[in-house]
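Labels run A, B, C and D following the written order; every chain starts at residue 1.
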Amino acid sequence: MSKQIKVDYLARVEGEGALDIKVKDGEIQSLQLRIFEPPRFFQGFLVGRKFDEVPGIVSRICGICPAAHQVTSIMALEDAMGIKVTRQTQDLRRLLALSQYIQSHTLHIYMLAAPDFLGYESVMAMAADYKPVVERALKLKRLGNDLTACIGGREVHPVTAAINGFTKVPAKKELEGFKQKLLAAKEDALETVKLVNTFPIPDFTRDCEHVALSQGSVYALNEGNLVSTKGLHISAWQYRSHIQEKQEVHSSALHSYVVGRNSFMVGPLPRVNLNFDLLSEDAKKAAAETGVSFPNFNPFYSALARAIELVDAVDQSIEIIDRLELREEDTSFEIKGGQGFALTEAPRGTLYHSYIINEQGIVEEADIVPPTAHNVNNMEKDLWQFVPGVLDLSHEEATLRCEMVVRNYDPCISCSAHFLKLNISEV
Amino acid sequence: MHNPFKPQQAKIVDMKRETADTTTYTFEFLDEEVKENFCFTPGQFNMLTIFGIGEAPISISSDPAKSKYFQHTIRHVGNVTNAMVKLKVGDKLGIRGAYGTGWNINLLKNKNVLIVAGGIGLAPLRPVILQLAGQRGEFDRVEILYGARTPGEMLFTDEYQTWRSKGLDVLPTVDNVPDTEEWKHSVGVVTGLFDEMQSMPENTVVLTCGPEVMMQFVVKDLLERHFQPHQIYVSLERRMNCGVKKCGKCQIGPKFVCKDGPVFAYAELLTLPESVLGGVGK
Amino acid sequence: MTAKPKIAVYKMSSCAGCQLEILNLEHVLLDVINAVDLSYFVMARRDSEPGPYQIGLVEGAVTCGEEIEKLKQARKECETLVALGSCACYGGLPSIKNWTPQRVVESRVYENPAAIHSTTAYGIDYYVAVDAYLKGCPINKEELVEFIKSALLGAKPYLRPHSVCVECKLYENVCVAVSEDIPCMGPVTTAGCGALCPANHKACDGCRGPADDTNAKSLAQTFKEHGLNPGDIKRKFHKFAGMTPEFDKGADIL
Amino acid sequence: MVIARNLEAMLQASSIAFLPKEKLNDFVGLLTEEFLLYGPVQKKTEFVFEKIENAAQLALDYHTTLLPPKKVLHQPFETLFSFSEGEGAVDDVSHVEEKQLLFGVHPCDVHAISILDEVYSHEYEDPYYMAKRRGTLVVALNCSTPGDDCFCSSLGTGPDLKDGYDLLLTDLGDNYLVETGSKAGQELVEMARLYSAPRVTLVEKEKRLSDARKKFKKRMITDGLHDLLEENFRHPVWEELMKKCLACGSCTMVCPTCFCYNVVDKIDLGLRSGKRQREWDSCMLLEYAQVAMGHNFRKDRDARIKQRLYHKLAYYEPQFGTLGCVGCGRCIHTCVKKIDITEIIGRIRGE
C-alpha cells in the first residue's frame, strides 16, 4: 500500500512552501518540505549598500517580524563600529521586540493555529461561531501593533530604530497610555493561555536539542549567549564555529545543525524550556495552572509556549514602561570599519546577523540566518517521526496533522528562502 | 447660518437616455420651499452630489421658465457621472445651485444669434435655445451649428424639428459615420459648417460651448471671418470643488470661472496673462 | 446588495508585509469580511474558493519564470488586478539586485549559481495590464480600505498622486531637508503614507515611488550640492523604484 | 464683512498699557480660562502654533512658524458635514462660534488673516471659516527680529501693525507694550488690570521697530508690480524655474494667504453613511487643474509656477483689493530648492 501526502500550498504560514511525503508499506520513501519562494538575494545586494540603509533593507526580508531583523542588524553594525548604546535605547528595543511578540504570537495562536485545533479552515470561518474569541484576538493584536507603531513609527517595517538609538523617542505620555491598555490586556493574555490549553494536543515527543538566547537576569530577547538543552553556550561572534548548514539529498532547503550534533529547534518552546524561571510571576503561574510541565519536548505545545510568552510580554512591557523616563538622546557616532555579530530572539526564534563594513561604511559582506532557517531541518525530523503515527488516519486528517507539525513552528518562509542556500541539485 | 456647501435633497422624476454615454435627468427638490425658490438663468450650473462619491458641476439643460422641474444632461465619464448611470426614477441625490453667470439673453435681443456647440456642449446651450425659441420674435436670425463624433452621439435629436419649426436653423455635422449608422447631413468638424452658415459678423452674437480644442478652433476661424472678440461668448470648463469662489480651483487670472463665468466674452479672456482658448495671453 | 465581491491575494517575491496589512486591519477586519469575500488568501485560510475573482491583489516583484506564469493566470481570473505594494508596483527592494550583474549577486549567495533561474526583478505591469496601484513598502492600510470601498461603489479611489512634502505640510512636520540638511526623497515621492518617515524625524526613503510630475534630476542636483557623492545619490534612487524611468533619471547624475 | 478692523470700535478702544514680563504667566493664565489659546511653541529647530496651557510653553521670540495661524481658522482637514442613506447631508458640524485666541501673531500673519477674512466673506460666506473667525481674538506681536527670509517691510505688512488685531504687543525689554485694537481687546486689558502706559512709550516702540526695519535681508519692490508681471509672462526666468522646481507643493501649503482646497467624501465600509471633508490643495500640483478625461489646463510645471506667483502678486488685487503676499518668507524657507519669490521679481526687474 502506498500513500502520498501532498500539500501544494502550505496555508496559514507566511510565504510559500509545499509538503511532499511519499510512503510505501508503512515506510517513508521521501519527505520534502519544499520552499518555492524564489530567492531575493538580500545577502547579495546588501553588498555595496551603505551601513545606515541596512536596517531598512533587512526589514523587508520579512513583513511579519521586521523589527527583529532591523534591531539585530543594528546591533551587529554597532558591534562592528564599537558603539555602546544607552539603557534607554536598550529598553526601547526590548519594548519594540515585546510589542512584536504580542502581535506575532496573537496572530499565530488565533489566526494560524487555533483554526486547526478548533476545526475551522480559517479565522474568518471561525469568526461566526467564536466572535468574542476573535474579537479578543483582534484587540490583542492591535495592541501589539499599536505599541510597535508608537515606538517604531509603523507596525510593518518600522522606521525609527537606528544605529545608536531611535530617530524619534515616543512621548512618556503616549507610552503611559499603553500601560492602561496593557493592564487591561493582561486578562486577555491569561484567557489565551486557557484557550490554548483546551486545544487537543497530539501525544508526540521527540528528543531534540532546544536552542535559545539566555541572559541570566531577564528573559532573553536581544542580548545574552546562545545556550541549549545539550550544553551549547556561545556568544554571537562564535556562532559560525558552532552552527552550520549542510545539504540533504531529500530536501531543497539547507539544513542547520549544531556542529558535532544534529538538527535543533528554536522558538517559543525552547525559550520557555530554557528560561522558564525568568518568565514573569504571572506567566509562570499561568503555565503551572495548565498542568503542562516544562521543559517539554512535544512541539505541539509551541502554541502554549507562545501563549505563556504573551502573558510575560505584557508584564515585561508594563515593567519597562514604568521605568522608562524617555528623553531625546544624542545618537551621533563615528563611522568605523569592522566586523560585527548579533543574535536576538525574534518571535519565531533565534536570529543571527553579521556584517563586514569598510571604512566608508559600505557593506562588504552580510550573513543572515533567520529563525525558520534554523528550524527547517528540525521540522523535517519531526515529520519523519510523526508521519508513521498518522498513517491510519484518513488521508485528509493525516494531511492536516502533517501541516500542523509544520505550523507548530510558525514558519516564515519568505525569510528562510532568502537566506537558506537552496539545494540546487543539477539534474 | 446658511451653508452654501450643503446640498439639498432632490429626486429624479424622469430620465431619458440620450446616447450611449449621456442621459438627461429631470429633478425636483424634495423641500417645498427650496423647490419654490429655485430659479436659474440659461448657462448656469448646479453642483450634483452622489453622497460617498463626490460632487460635480453640471449645467442646467432645461427651460428656465420651468424651474420647478429642471434638467441635467450628463455625460458619464468619471466617478460622479458614472454613478448616475445606476440611478432610477425616484432615487434621491444632492443638488445645490444655481451658480455662475450664464448667457446674457438681453445682449441677444434684436441681434442675430450664432450658436456653435460640440458634443456635450449642447447641454448648457439648450436653455438658451429654448428661450430663443420661446421668445422668437425678439431675435433676428438664429443659427445652431452642432457637431458630434457620430450620429449616435448627437444630443436632443428629437427636438431639432421643433426648434426648426420655431424658426431656428439647425445645422448638424459629425466627425465620422460608422457603417451601422445612417447620416444625410455634413461630415467633418463643426468649423466646417462655417462655409454653409448664413451668419455674418454684422450684428451677430456667437455663443459657443464644447471641448476646449473645438472652441479654440471655433474662435480662431470666426476671428478670421472678421467676428470681433467681444461678439463671441464661450462657456468654459474648469475643475470645481465648491462653485462659490472658495476652493480656488477654477481661477484663471483674477477670474473665478464658477462665479465670473462659466460664460465669458472672448474679449475678456484676451485680457488675461494666461492663455485661454489659444488666446495669446499677455 | 448583490453578492460579495470575491478577492484573491497572490504572492510573488515579497516579504508578505503588504498582505499582513490586511490582517492588521483589526479595527475594521470584521466589517471587511462582511463586505467582501477573501476567497483566495493562502496566508490566512486553508480552503480557497476557485476563481474568477472580482479583485486580485498581487504582492511582490516578479523574479522568475514560474511567477510570470502565475501572474498571467491571475490576470486571467481577475476582473481588476491591483499591484499591492511597491514590489508589485515597481519591483521594490528586490529590484536593487538589478543594478549588479545577476551572476555576481547570485555567486555572493549561492555556491552553485548555475541552477538559479532568477530574472530581472520587475513590477507586475512589466508582464500584465494593471488596473490600480497601491504603493508603499508596505502599503498604507487606509489606502487599502479606501480602495475596497471605492471598488464596492464602482468608483476610482482617491489616492494621493502628489509628493510626500504635501502631507509633511498638512501635518506640520519639521522638514528634515530644509531644517536639518538631511537628504530627503519626499519631494519626488508619492504621498499617501502620511509623511511617515519625516514625521519620525527621518528622511523619506522613496518607498512609494515617483510622484506626479517628478523632477528627480533637480533633486539629485540638490543632493550633490549638499555633499552627497554619486554613489550615495545612485543608492537613493535605485532602491524601491529604481526601475522607473523617473527615479532612474535621478540616479543618473554625474 | 469687517472683523476687528471696525475702525470706529477701534478708535474708541484705543489705549496703551504695560504688561510686565513677569506678569505674562498670569495674563496667559487668565486668557486660558476664557479661551482656547493658540501660540507659537518650539518644535525642534522650528516653531509652530499650538494649543497652549501656560506661558512657559510659549516661544515669543520666534521667527516664523512652519504653518501660519491660518491653520486654526481654515484647517488642513475639515469636515463639512456628514451624510447618511436617505437623509442626505446632515449639518452636524457645529457652526457655533468657538471662543479662541491666537496669541503672539506677527504682523504679516495678521495681515494674512485679514486677507482670508475677505476671501471667505466675499459674496458667499464660508460658514466654517467665518464661525471660527467670529469667535477668535487676535493678540498680535510686533516683530523685533525678522527672519532671514522675511520681507514684510517691503510690502507694508510688517514689522509693525496698524489694524486687524484685538491687542497688539511690542517687546520693550522688561515689559510688553499693549495696544488695544478693539472693544474685546480693551475688555481683556481691563480684566487683567493692566496699568496704562504713558504716551511716550510709543516713542520707545517706534525706536525698536525702526531697529527691526534695518535688519531685513530681503526686499521686493512692489511699484508697478502688476504691469511688470503682465509684461513678463514669457520671461526666460520661467523656463529656468521649470527645470529647478520640484513641484512638491510645499510653497503653497505653507502660505498664509493660500486658500485652495480639495473635497473628498469619506464613506464607511457599510456604504451607508460618511462625511464630506475638505483639505488644503495646491495649484503647484499636477492634479489641481486636471478634469475628466485626463485633460489638464496646467500640465506644464512653468504654467503652475506662474499661476502661484501671478496669483499672489497680480491677481489678488483685482479679486480682493490687496496683494496676495504678505512677505512672511515661508515659501522661501520651506523650499528645498530655495526658489525665492523676491529674487524672481528682482530678476525680472533686471536687478
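Rule of thumb we're sticking to: a residue touches a chain if its C-beta (ideal position, glycine included) is under 8 Å from a C-beta of that chain, and two chains touch if they have at least 3 such contacts.
Owing to the predicted nature of the structure, the values given are computational and were not obtained by experimental measurement.
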* Structure fact -> Touching chain A and chain C alike are none
* Asked: If you average the Cα atoms of each chain, whose average lands nearest the overall Cα average?
  -> C
* Counting C-beta pairs in contact, does B-D beat B-C or the other way around? -> B-D
* Could you grab the centroid distance between chain A and chain B? Build each centroid from C-alpha atoms only and quote it in angstrom. => 65
* Could you put a whole-Å number on the gap between the CA centroids of chain A and chain D? => 52
* To do: Determine the centre-to-centre distance between chain B and chain D, using the mean Cα coordinates as centres, and give it in whole Å.
  => 39
* Asked: Any idea how many Å lie between the Cα centroids of chain B and chain C?
  -> 42
* Asked: Which residue numbers or ranges of chain C touch two or more of the other chains?
  -> 153, 201
* Could you list which residues of chain A touch at least two other chains? => none
* **Contacts with two or more other chains, residues of chain D listed in rising order** => 264, 267, 271
* Structure fact -> Pairwise, the chains that touch are A-C, B-C, B-D, C-D
* **chain C - residues contacting chain B, complex** => 153-156
* Asked: Tell me, which parts of chain D touch chain B in their complex?
  -> 80-81, 83, 85-86, 88-89, 91, 95, 119-120, 122-128, 130-131, 229-231, 233, 259-265, 267, 271, 274, 276, 278, 281, 283, 288-293, 295, 297, 303, 306-307, 310-311, 314-319
* Structure fact -> Listed in rising order, chain B residues that touch chain C in their complex are 52-53, 78-79, 82-83, 86
* Would you tell me which residues of chain B are touching chain D in their complex? => 1-9, 49, 51-55, 77-78, 81, 92, 94, 212, 237-239, 241-242, 244-249, 251, 253-254, 256, 259, 273-274, 281-282
* To do: Under the touch definition given earlier, write down the residues of chain C that touch chain D in their complex.
  => 28, 31-32, 34-35, 145, 148-149, 152-153, 158, 161-163, 165-166, 168-172, 174-175, 177-180, 184, 186-188, 201, 211-215, 218-219, 222
